[in-house]
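Since the structure comes first, as structure tokens, the remarks are kept for the end.
Should a chain be cited, it is by its letter among A, B, C, D, E and F, assigned in written order, with residues numbered from 1 in that chain.
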Amino acid sequence: MEIDPFIFRLSIFILSIFIGYYVVWSVTPSLHTPLMSVTNAISSVIIVGAIIAGLAGSTENVFTISNILGFLAISLAAINIFGGFLVTQRMLQMYKKKKKDK
Amino acid sequence: MSANLSAIFYLVSGVLFILALRGLSSPETSRQGNFFGILGMVIAITVTFLSVGSFSSGLIYVLIFLLVGGLIGAFIAYKIPMTAMPELVAGFHSLVGLSAVFVAISAFLNPEAFNLGSPGAIKLASLIEMSIGAAVGAITFSGSIIAFLKLQGIMSGSPITFKGQHFLNALLLFSILVLTYLLCSSQSSNFFWILIAVSFLIGFLLIIPIGGADMPVVISMLNSYSGWAAAGIGFTLENTALIITGALVGSSGAILSYIMCKGMNRSFFNVILGGFGATEQSASTGNKEQRPVKSGNAEDAAFLMKNASSVIIVPGYGMAVAQAQHALREMVDTLKKNDIKVTYAIHPVAGRMPGHMNVLLAEANVPYDEVFELEEINNDFANADVAFVIGANDVTNPIAKTDPQSPIYGMPVLDVEKCKSVLFVKRSLSPGYAGIDNELFYKDNTLMLFADAKKMTEDITKNL
Amino acid sequence: MRIVSILENQNIDKRIAITPEIAKKYIALGFQITLVEKYGEHLGFKDSDYKELGVEISTDETQILSKANIIIQLGLLSDENLSNLKENQTLIGVFNPYNNKEKIENLSKKNINVFSLEMLPRITRAQSMDILSSQANLAGYKTVIESFANFEKAIPMMMTAAGTIPAAKVLVVGAGVAGLQAIATAKRMGAIVFATDVRMASKEQVESLGGKFLTVEGSENLETEGGYAKEASEEFKKKQEDLLAETLKKIDIVICTALIPGKKAPLIIKGSMIDNMQSGSVIYDLAAVQGGNAEFTEVDKVVVKNGVKIMGETNILNKLPVSASNLYSKNVFNFVSNLYDKENNKININLEDEIIEKTLIK
Amino acid sequence: MSANLSAIFYLVSGVLFILALRGLSSPETSRQGNFFGILGMVIAITVTFLSVGSFSSGLIYVLIFLLVGGLIGAFIAYKIPMTAMPELVAGFHSLVGLSAVFVAISAFLNPEAFNLGSPGAIKLASLIEMSIGAAVGAITFSGSIIAFLKLQGIMSGSPITFKGQHFLNALLLFSILVLTYLLCSSQSSNFFWILIAVSFLIGFLLIIPIGGADMPVVISMLNSYSGWAAAGIGFTLENTALIITGALVGSSGAILSYIMCKGMNRSFFNVILGGFGATEQSASTGNKEQRPVKSGNAEDAAFLMKNASSVIIVPGYGMAVAQAQHALREMVDTLKKNDIKVTYAIHPVAGRMPGHMNVLLAEANVPYDEVFELEEINNDFANADVAFVIGANDVTNPIAKTDPQSPIYGMPVLDVEKCKSVLFVKRSLSPGYAGIDNELFYKDNTLMLFADAKKMTEDITKNL
Amino acid sequence: MEIDPFIFRLSIFILSIFIGYYVVWSVTPSLHTPLMSVTNAISSVIIVGAIIAGLAGSTENVFTISNILGFLAISLAAINIFGGFLVTQRMLQMYKKKKKDK
Amino acid sequence: MRIVSILENQNIDKRIAITPEIAKKYIALGFQITLVEKYGEHLGFKDSDYKELGVEISTDETQILSKANIIIQLGLLSDENLSNLKENQTLIGVFNPYNNKEKIENLSKKNINVFSLEMLPRITRAQSMDILSSQANLAGYKTVIESFANFEKAIPMMMTAAGTIPAAKVLVVGAGVAGLQAIATAKRMGAIVFATDVRMASKEQVESLGGKFLTVEGSENLETEGGYAKEASEEFKKKQEDLLAETLKKIDIVICTALIPGKKAPLIIKGSMIDNMQSGSVIYDLAAVQGGNAEFTEVDKVVVKNGVKIMGETNILNKLPVSASNLYSKNVFNFVSNLYDKENNKININLEDEIIEKTLIK
């Protein structure tokens, strides 16, 4: 009777697709640029995989190719995370300021 | 940290990402949304550290690389001019794509660390997932690089097409399937490398035929790809956060590019398949030399005006032809409800008879104290945020001030160009009564709204 | 049943009481009609038009009146004609019974039914017979046209290459039926319209036509005491006068329509106010006959005071006789229909009916 | 059928349910949506049969009961008049609630069959889930029954309140928690029965204080409850379809009731907590007897008009007060674009001066040939679909035709009530110039649109 | 490293709540009544549980209380399923007709 | 530099060429001004108003003219005054050089600079001096007001308890500046407005003001041949006439504004058409002085034909003299500013300038 966890993951995957679909339709068009930069930032959650890759393997040799790739991936994703969120913050700040101006 | 606990936390961070996107449904909640996104990311990273458990000396390197990347990212975010956003996002996408490729390779090389079997005997499902992650990641990477180059102007923005392009793409995509199959059946790493290489090529080929104007759609599409790549890796790593987020980003990016196409009145498939779009574009241009104008839609106009604190309306003959005075009044009412100061600037010869505009504005019950003649209002343009020029043309033409050869030289004109932004509502680029071109159409702070004045004004009101 | 009508004194009234359109309706109801010759000619209704419908045209006024069951007029008949009327005849018109008391009493004594239509109760059912409303409405319109024609500047705002003509400012005094129509008409033309009235309900009505109501500061307190402002304190009246005087300084055209039923018209535009008005302004006083709302009003004369033209006529509807006759005759037709008992082919003076009871002069 | 396969099918049916609801986003796709729903249900049921596997002789009974239920359901569905929809939905809810209770009891009595342990030693998690399912199911059941009775008129629609009501409810809700705790710690079936009984009581108490007018909100709320009950059972049975659907129905019902409250301008919490709402209502009513009116919003009006083939506009003084003529013209233009025939009916004394409406319509440039006087148009109402009465009142009042005592007796009136539907735009139920009540407000084919005429007309245009 | 399936179910549950939230916002108000009746019909997917209950236990005695409750639940849910979907169909049909009228 | 102006013959023209507002502007530019006494009194501009600004007021016309460098008028001066003019003086006005050829030639001989402003080229830069536009605009407005005042029915549609007054139908012939303003004004009042013109471009312009353009069937073919319809075939003209005749049957008011520069006005409303018009209709012929667009037009007379009033005046602007003077004087001011060389304080007759070249009469 045990269900393969893959099926659960698949369910989660499919349901998330629906949410993505709906979530975007409800975003006001004027915020489409921030939306892009936020989703971009979010998609670098791949850093999770990068960290696992970076820390994987024996404790002695941390410089297997696999680890090094992990480290690089961490850097790339981190650029994205910080850059993405901060730039979004800046954009949204602009909206706020404009509103206040009047 | 137990697997269950970390799974729950991953779920939480997935939910936070959903809330982050949801926050963008209105400017008010948008900053909160961004905060949720950051929180979700922090949780995901922390949980990963805690759950890996075995704190090898690698940890220090991980932290260093994280820090270095973070600093670079922060630096870029602060330095980048707001106008370079599209390039920036394209650039960032390439990074996500590349890290997906790296993670996939890392997992392929060291499957034990990820619980996927041993090298040469990786679980079938994981292998497929890994291939998908790597392939999509690679496509994202090279595609984003091209998009970035095109937007930066390093590469020409015009579409690059050649014969058999679509056939080649189809062939390459098919070869990916074949390679995956071969990889699974032979577990030979060579196929894996070829797979990645081919994917890089595909990314490159997919984007070069797409014109610069369509880049925003492409970026959003690449965004979507990066999501799918993350989801693929998520399956490989059996990580809920990655799956949720990947699917979320993947579908939202796809829908967003669809929405953007609709907004631009372009066929989604034409844009995505590239090349098709290009021929269409050149056909409409004709052989007349045409200078570029920025043209927008009602939403853009509404957005600009909503964020203005003062708007000056410049009506002209086109408003009369379209009988747009009632719709205009409606729009102004809505603006005023948003606390925006609105005034009307009437040029002495606007329209086709003396007092033409006054008749129409009075018909629409525009209060007299909002209506100003040229001399009264001409200095106010410099302090106004938006000039909304509706069906006027000659009366705004600055050539009257500069070119003694011009037939309208010497006529006083409304200095609309001094506003931060100028919106021109007219149906085409064709000239007005005097039959001369208007320099303003091509200015940087001008947005052309090509439509019938009444229709456009109504649409803007809807978007306010 | 025979309905007749003869011409009014053409110097006083050019309107007629039976248009061809309405004659047709009477005939359809079963009436006979006799009219005096050239009855509608001055309005473009030819005798032949009437004859085609079956109307009898006659030259002899005395004979016409003698045959009549119902006589429909606008004002009273000449004394001679009145003396020829006989018992049981019915006379319908607008007879101003307060001023013509004696004459009408004589008629009543002769057992002639006299209905004076300005006495109609203002109930909903009587709306279609309400000659005061129908005529005041046209008067309100025409006053504006006349005063615009007499104003030496253009009314609407025009921003032209040769400079700007500002929109004219019009003040309407009294926002009854005539006043409201005046507001509407002036507004249409592009004037900036102000209005004043003592009835507080009229504020909303004025605004519903795009006019600006001159609201006296502190008027809110007044409204609670009851819709009408009659009971206004002296202080309030003073404030109102000040406001008016201040407003008049920038007004180009004043249309006066304020009336109090059965009384002399209130004096609202005082001499001192006129002194402060711009030269070239126009005051058209629709209340002229009842004494006028403005200080120097004289009936049928144009008085110029300090460059301000003050005008007022006995009957402005003489300048709009066709429309006025159309509405008047329709009003009377509705009244007669209500009076007429078709089954028995007779006039049914049912005093239970408020409309009949109020208009019948006893 | 393997557990994996059936899990996939359950997922599919969950997705189909999502698509079913999604279909309702527009009338065009709605029937397709319903089809998806049916398909999802068929899949879920079939999969269940196949996965139970052990075809005991019970199967025949299952089928019989299924058939009997189905026939009854189909019968009801065909016979019920469309006007009784609210009752019907309430009645149906009670069934869902009750079956949730039955399933929970069944699981409690025979846990082995559900893989939940053995009687007296049921898994803790399952026990909690089961209790939630049973309690929520019971609340749904009794609550729906009350709602049904109120709507059917068997029970008075007026709110029933008593002192300490809220306190009692809170106490009972708390006791549910306690009972669940006791049940889990003692596994004694007594607590289970008490739990269910108390839940029935709560459902009853929750609904009686809510007034008849708020019933639609309540029904949607109960809908939501039934969803949560299903989800609870879903967890017990470890069934994905039930979990997905339950959560879907649960959240959508809750949001729907929120949306409905917003549409009715009522506070969500006041409605749901009941009783509060009632006092508010009675306060505004004063002691005057108030008859029920159907009131709608701009969307309803837009929907009605969009589906009409001819609309007659009846303007009155309120249009003038609101200066809604321009907005009205705009609305009519939009209707005409949809191929709807629109005419204006002008009553001779509409407004406050002769020709009042004509002035305003001319200002808004309404063509003269669309404007008709009473006699010309009065017969057309019988053939028109919608009469749009905007700020008029007395001139439509049929009492003028029937009651000689009425002050407006004898005045000709516009026979708007002969239209299929009548929309009345005014701010309240207050009378017009003549100061008398208008029977039409309470008619079945009348929809009141309470708002300023200009605002409402604009909103309708937005929704067209 | 095995994750408890409950957590997957919880994820699925939570994601579905989001979908429910979004799905309803996108429904046009004029279809709110059909929406209610469809969700009502859908919620009787509880019949799945009822069927399991009805068929549970030994093959001999199909009339344990538990089974009988299951049978009853099946009937109730079936009423709902058939009634709900059919009535929705009827309602939607109405919308369609109206459209055609003109 | 001294600018002067004396009164026109008050019977012909009540307008003035220098209003106080403009006098101030001239003085600011460095001119001196002398005006004859009571120059603006009839328009409400008192002598004291002028004096306050620094204008010299004098009683002696001969003396005034003799001192002048620039003389600004509307029409030509009296013969006597003309004979007093001296070399190098500049005379500005509207002199109708075709009709007054001899007189003007005499002036030119005396080396007097005569500028006749109706000769202004219609270029954009001259718009602010374009007296034809500014005056035609006002004339268009006033014609409508006058014809409405002379019409015996109400113009706007009124649906009332006493029946419906239908909206009046107005036809504007010629959609130039005056015609367009007439359309706008009539439309404002609630009339149903039709218009006709030979220029095809005017269709859109008429519609932009809410008027209905009378489009002749088959006109589409014509448009391709070039914007103007002058080259229209006989067949087309016939069709146009038929359409007009048909339309006129239901028209209440006709406003005629069709002109052909330098020629007699085209005859458009033929006698036969007038015969078919409704009695009570009004034709106001703004083209009366140039011969009229209607068959029976006589200047300054009201001709009644078949119940149709046909009217036309020499100068309708005499009824709107204040606004007309405001715009005229502003136009002239703009013209003088262009002519004046401030640095050298002299009139600079630069024949390179199209505006000066075209208006100077040689």
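The criterion applied here is as follows: contacts are C-beta pairs under 8 Å (C-beta built on N, C-alpha and C of every residue); 3 or more make two chains touch, one makes a residue touch a chain.
Which chain is which protein? Per UniProt: A, C, E, F = proton-translocating NAD(P)(+) transhydrogenase; B, D = NAD(P) transhydrogenase subunit beta.
Remember, predicted model here, so these are calculated numbers, not experimental data.
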{"item": "Given chain A and chain D, the chains that contact each of them", "value": "B, E"}
{"item": "If a chain touches chain B and chain D alike, it appears here", "value": "A, C, E, F"}
{"item": "Chain whose mean Cα position lies farthest from chain E", "value": "F"}
{"item": "Taking each chain's C-alpha mean as its centre, the one farthest from chain B", "value": "C"}
{"item": "Centroid spacing, where centroids are CA-atom means, of chain D and chain E in whole angstrom", "value": "18"}
{"item": "Between chain A and chain E, centroid-to-centroid distance (C-alpha), Å", "value": "35"}
{"item": "Distance between chain centroids, defined by C-alpha means - chain E, chain F (Å)", "value": "81"}
{"item": "Chain A and chain B, separation of their C-alpha mean positions in angstrom", "value": "18"}
{"item": "Residue list for chain E, restricted to those that touch at least two other chains", "value": "2-3, 5, 8-9, 11-12, 14-16, 18-19, 23, 25-26"}
{"item": "Residues of chain C touching at least two other chains", "value": "127-128, 133-134, 137, 156, 158, 160-162, 165, 188, 190, 210"}
{"item": "Chain B residues counted as touching two or more neighbouring chains", "value": "14, 18, 238, 240, 244, 323, 348-349, 354-355, 359, 362-363, 365"}
{"item": "Touch relationships between chains, expressed as pairs", "value": "A-B, A-D, A-E, B-C, B-D, B-E, B-F, C-D, C-F, D-E, D-F"}
{"item": "For the chain B and chain F complex, residues of the former touching the latter", "value": "317, 320-321, 323, 348-349, 351-356, 359-360, 362-363, 394, 400, 407-411, 434"}
{"item": "Residues of chain D touching chain F in the complex", "value": "346-349, 354-355, 357-359, 362, 365, 368, 371, 373-374"}
{"item": "Residue ranges of chain F touching chain D (in the complex, touch as defined)", "value": "156-165, 167, 190, 192, 210"}
{"item": "Residues of chain C defined as touching chain D within the complex", "value": "123-125, 127-128, 133-134, 137, 177, 180-181, 184, 187-188, 204-205, 207-210"}
{"item": "In the complex, chain E residues that touch chain A", "value": "2-3, 5, 8-9, 11-12, 15-16, 18-19, 22-23, 25-26"}
